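Shared chain: subunit A. Partners: subunit B in the first complex, subunit C in the second.
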Partner chain A sequence: MQLELGNIFIKDVQFADTTHVKDGVLFVNKEELKALILEDEHITDVQIDLARPGESVRITPVKDVIEPRVKVEGAGGIFPGVINKVNQVGSGRTHVLKGAAVVTAGRIVGFQEGIIDMTGPGAEYTPFSKLNNVVVTMDVKPEILQHAHEEILRLAGFKAALYLGEAAKEVEPDEVKVYETLPLLQQVAQYPDLPKVAYVQMLQSQGLLHDTYVYGVDAKKTLSTFIYPTEIMDGAIVSGNCVSACDKNTTYHHLNNPVVADLYEKHGKELNFVGVIITNENVYLADKIRSSDWASKLAEYLGVDGVVISQEGFGNPDTDLIMNCVKIEDKGIKTVIITDEYAGRDGASQSLADADAKANAVVTGGNANEVIELPPMDKIIGDVSYADVIAGGFDGSLRKDGSILVELQAITGATNELGFNSMSAKGY
Partner chain B sequence: MSKIKVVHYINQFFAGIGGEEQAHIEPEIREGAVGPGLALNAGLGENAEIVATIVCGDSFYNENLESAKETILEMIKSQDADLFIAGPAFNAGRYGVACGDITTAVQNELGIPALTGMYIENPGADMYKKEVYIVETRDSAAGMRDAVGKMVPLALKLVNNEEIGSPEEEHYYPRGIRKNFFTEKRGSARAVEMLLQKLKGEEFETEFPMPSFDRVEPAAPLKSVKEATIAIVTSGGIVPKGNPDRIESSSASKYGEYDIDGVMDLTEATYETAHGGFDPVYANLDADRVIPVDVLRQYEEEGKIGKLHRYYYSTVGNGTAVASAKAFSEEIGKKLIEDGVDAVILTST
Partner chain C sequence: MKILTNNPWVKEKYKNKYEIHFADVGYLELLELVRDGIHQGDRLLSHPLSGSVKPNETPFKSVLVEEDRGEIDMDSLLIIEDALVMARNLMKNPKLFLEDDQRMNDCRMIDLSLIDSALEK
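After this line comes the complex of A and B, so read on.
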């Protein structure tokens, strides 16, 4: 399966009478976008704001971040089974508005959504401060309960991203990258002398605000399976997930999965990247055992020499992570795991909820309990009054002057476990 | 600025009183620097000065831990010290333990910056390195100059509240404290490189060495459940509606104690969860799903259990540091024992 990604570099975003891309600027027709969002009768109000890198803007509570993409050639549409019809994606050509994103925000659904600061110390920790963001803030009818509320906002975000993505269709990309993974036996034969490597991606699937969808299917109801890496680039996996926003994969993270990108980078040179295994992280022990059995069995079935395993979340999923790692190592397959840490605000506590000596190669996204002071911002998109109750906040987090004292945990993407960021932690 | 006042702790040997035969001497305080304190004092320079030296016999300290500590803490308090330095103890085992113990007490109980130094194989190093900064020294007093050269800069940084560098930079034993830092390469690239090294059989360095876990032995079974007082303790975050103690949704800094006298059933109107790490919808609809008060009341009525304890204890387990959880459980455990509770149902989520 081969996919061409045509990147159109976006360096600014502006409101205009028509939605289009010109000379690296994304122009957005605000009213048209609003009308599209309001097609959903459950949404009572929508506000569209722009947030650019370096601006004194705080966005919270953030639910998802989505990169605008559009299929130009090949089967299916972006987000198959979710917005577009179910169809095999991952081949042909896709255009990307690189440097732009849709951010969804609005009244809190749970305790858990995140913060994005576009400038200041907080901006260092979130990759989304570097993007030209179209922020969609929504209110829903008061009688709508949490599960439905989350779904409405999730789908509205995808719709907004696809709407913007359409603007990329006719634009000549600034660069085109080609990714290809062959059917397994051919792929193995292509580079017979290189170590065969797969990627085991763990998908958060613990319930409200902890869910991930694969071709529209709730990941908690799936068995571990194979997927071509290029399918992920076309939105086969989407996020419904923003609890403890620091280490949850937004849809943007999935579309730009850095493990996939970095394995492709070495593909054919130092390793043979044969494919991706996706596996869930459910709450019940029986599910954890079953899913890790399957993930390790599939790794064995692929006949790989090594895997990178990425986690999503912390605590309860540490168990899934260690089970996956140990069972795959027990098959004689080498593993590296990517996780993050909850070592307490002082960094002195045990970082993980589970451990095993076989997990001897660990990459960490950092200690999510570390506290950071976010100075006041000139503009708030959304509502900061939730700062005391979001995960990572505490009584008194929000101060009178608008500054916020929180754990990194509250910052969207801060300790991402796909290894999206250039952060780590070490022992002192 | 007035000079930083330093109190120094040494044993009978370094005070010049004598060796093993004098190890029984009780704590005493002397004005100014004594013995190795002279070298330290010189190293501390213009801005800091050893105002007093406490001398204590190694046997006395180790055999009278509590009273020795208490006496010495009082002595240090009387000096209004800004900084406390013990040793260096090199490879002297009991001296090392005394240095580690008193440094820890000064730091934790008096809140005064404190450090010590010793050889890596000194038992005091392993016992106290997580608690306080222990500078790595050689195994004998021949390494005094080297030790002073390492201890002084770190001591001054501590007292001036400056940022402390890594164990390699500052020459202390790693304390197991995790700190974030920005890296050149992103995590995924580091993971791929580490995997390639592992596949080639090359050396690789994990970013997080796996800890060894505490295992708790299960308690002996109850002799009779029918007479037992049973309490509920949960990390599932069940609190009276409105979360009166404002327990955090993640990384809890506290727990709550709640009176359930006469409460037969937890309802949507009266209880909820403060926990931010799981789908709260079902716990909020019926908190008995997390702490089974309704069923335990029924059992109480039917005589299947003695009684349900009047209070339940609740915190949020989500992202909460093990050190916090340990501290909560020690307090809760004490209260439960005082209240004559025989057994506890622990629920998580």
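After this line comes the complex of A and C, so read on.
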């Protein structure tokens, strides 16, 4: 399966009378976008704001971040089974507004974090401070309960991203990258002398605000399975989770999965990247055993020499991570795991809730308990009252000047376990 | 199957369907009750650290166990002991929740959703 990604570099976003892209600027017709989102009768009000790199803006509480993409050739549409009808994606050509994003914000439950600062020290900890963001903040009818509320915001974000993505359809990309994975036997034969490597991606799947969807199917109801990496680039996997935003994969993360990108980068040079296994992280222990049995069995079936395993979240998924690692190692396949840490504010405590001697190649995305001071911002997008609440959540956190003290876990993507950020640790 | 919980919403929803062991205790104490049960032969069915809302961010926790009363299940014991270590560590951090009705209800709802996802899939 081959996919061409045509990247159109976006260096600014502005409101205008029509939505289009010109000379690297994304122009957005605010009223048209609002009307599109208000087509959902459950949404009573929507605000569209722009947030550019370097501006004194804080966005919170963030639900999802989504990159605008559009299919220009090949089957299916972006987000199949979710917004577009179910149809296999991952081949043909897709255009990307690289440097732009839709950010959805709004309160669903009262303890959520999800902060994106566009400037200052907090901006260093989130990759989304570097993007030209179209922020969609929505209110829903008061009688709507949390589960439905979450779904409404999630789908509205995808609709907004597809709407903006349409603007990329007729634009000549600044660069075109080609990604290809062959059917397994051909792929193995293509680079017979290189080590065969697969990627095991673990998907958060525990319940409300802790879910992920694959072609529209709730991941907790799936068995571990194969997926072509290019399918992920077309939105086959979308996010429905944002609690403890530091180590949750937004939809943007899935579309731009850095493990996939790096494995493709080394493909044909250092290794033979044969494909992706996706597996879930359920609450039920029997599910963990079943899913890790399947993930390890599929890795064995692929005949790979090594796998990279990425986790999503902390605590409960630590058990899935170690089960996957140990069972795959037991099949004689080398593993590298990617995780993050809750090692206390001083970093001195045990980092994970599970461990095994076989997990001897570990990459960390950083310590989520690390504390950071966020200075006041001129503008807050999202729920302003909420910003006070999170700040007031613990003694001494809210300063008189409006600055707040938070753990990194509040910052969207800060300790991302796909490695989509700059923090890590090295042992010598 | 038995549910150990300090969440009244879980008790209310499942009291006619499953055996409920409700205890009006904190998050850590609830995990300790789960551990005590494992010492007496209970086997864990759901992960004690389910959900991304940390022990210092919610007072509510519900755990599914199977009442076995046979040999001590070592896998369950290892998981609950690791969970207790992690919970105690995280609870050294400041409490990150406010105890107003709305936020407490949100905490109850998330905990209930995690148990729902284990029971209803």
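Note that the second predicted complex is superposed on the first by the 404 of 428 C-alpha atoms of A that agree within 3 Å, B and C clash if a C-alpha of one lies under 4 Å from a C-alpha of the other, contacts with A are read in each partner's own complex, and residues count from 1 in each chain.
We take it that a contact is a pair of C-beta atoms (placed from the backbone, for glycine too) under 8 Å apart; a residue touches a chain by one contact, two chains touch by 3 or more.
The structure displayed is predicted, hence computed values, not measured ones.
J.: Aligned on subunit A, subunit B and subunit C: do they clash or fit?
T.: On the superposed model, which is not a single observed complex, subunit B and subunit C clash.
J.: Please work out whether A:L321 is in contact with subunit B alone, subunit C alone, both, or neither, and reply first, second, both or neither.
T.: Neither partner.
J.: For A:I227 in the superposed arrangement: first (subunit B), second (subunit C), both or neither?
T.: A:I227 contacts neither subunit B nor subunit C.
J.: Applying the touch criterion given at the start, work out whether A:I338 contacts subunit B, subunit C, both or neither, answering first, second, both or neither.
T.: first
J.: Go through the superposed model and pick first if A:V259 touches only subunit B, second if only subunit C, both, or neither.
T.: A:V259: touches subunit B, not subunit C.
J.: Any idea whether subunit B or subunit C touches more of subunit A?
T.: Here the partner covering more residues of subunit A is B.
J.: For A:A359, is the partner it touches subunit B (first), subunit C (second), both, or none of the two (neither)?
T.: first
J.: Please work out whether A:Q146 is in contact with subunit B alone, subunit C alone, both, or neither, and reply first, second, both or neither.
T.: After superposition on chain A, A:Q146 lies in contact with both partners, subunit B and subunit C.
J.: Touching A:L418 in the superposition: subunit B (first), subunit C (second), both, neither?
T.: first
J.: May I ask you to decide whether A:L285 touches subunit B, subunit C, both, or neither, giving the answer as first, second, both or neither?
T.: A:L285 contacts subunit C only, not subunit B.
J.: A:V276 contacts which: subunit B (first), subunit C (second), both, neither?
T.: In the superposition, A:V276 contacts neither subunit B nor subunit C.
J.: Residue by residue on subunit A, keep only those touching subunit B in one complex and subunit C in the other, then list them.
T.: The answer is residues 110-111, 146-147, 206-210, 243-244, 283, 314-316, 342, 344-345, 349-350, 369, 389, 392-395, 407 of subunit A.
J.: Going by the contact rule set out above, which residues of subunit C touch subunit A in the complex?
T.: Answer in residue numbers: 44-47, 49-54, 57-58, 64, 79, 82-83, 85-86, 89-90, 92-98, 102-103, 106-107, 109-110, 113-118, 121.
J.: Which residues of subunit B touch subunit A in their complex?
T.: The contact residues of subunit B facing subunit A are 130, 164, 166-167, 174-192, 194-196, 198-199, 204, 206-213, 246, 248-251, 253, 275-281, 317-324.
J.: Which subunit A residues qualify as touching subunit C in the complex?
T.: Against subunit C, the touching part of subunit A is residues 109-111, 146-147, 204-210, 220-221, 241, 243-244, 248, 282-288, 313-316, 318-319, 342, 344-345, 349-350, 353-354, 369, 389, 392-395, 397, 407.
J.: Given the complex with subunit B, which residues does subunit A contribute to the contact?
T.: Within the complex, subunit A contacts subunit B at residues 110-112, 124, 145-147, 195, 197, 206-210, 243-244, 258-259, 261-263, 265-266, 270-271, 283, 305-308, 310, 314-316, 334-336, 338-339, 341-352, 355-357, 359-370, 388-395, 407-409, 416-428.
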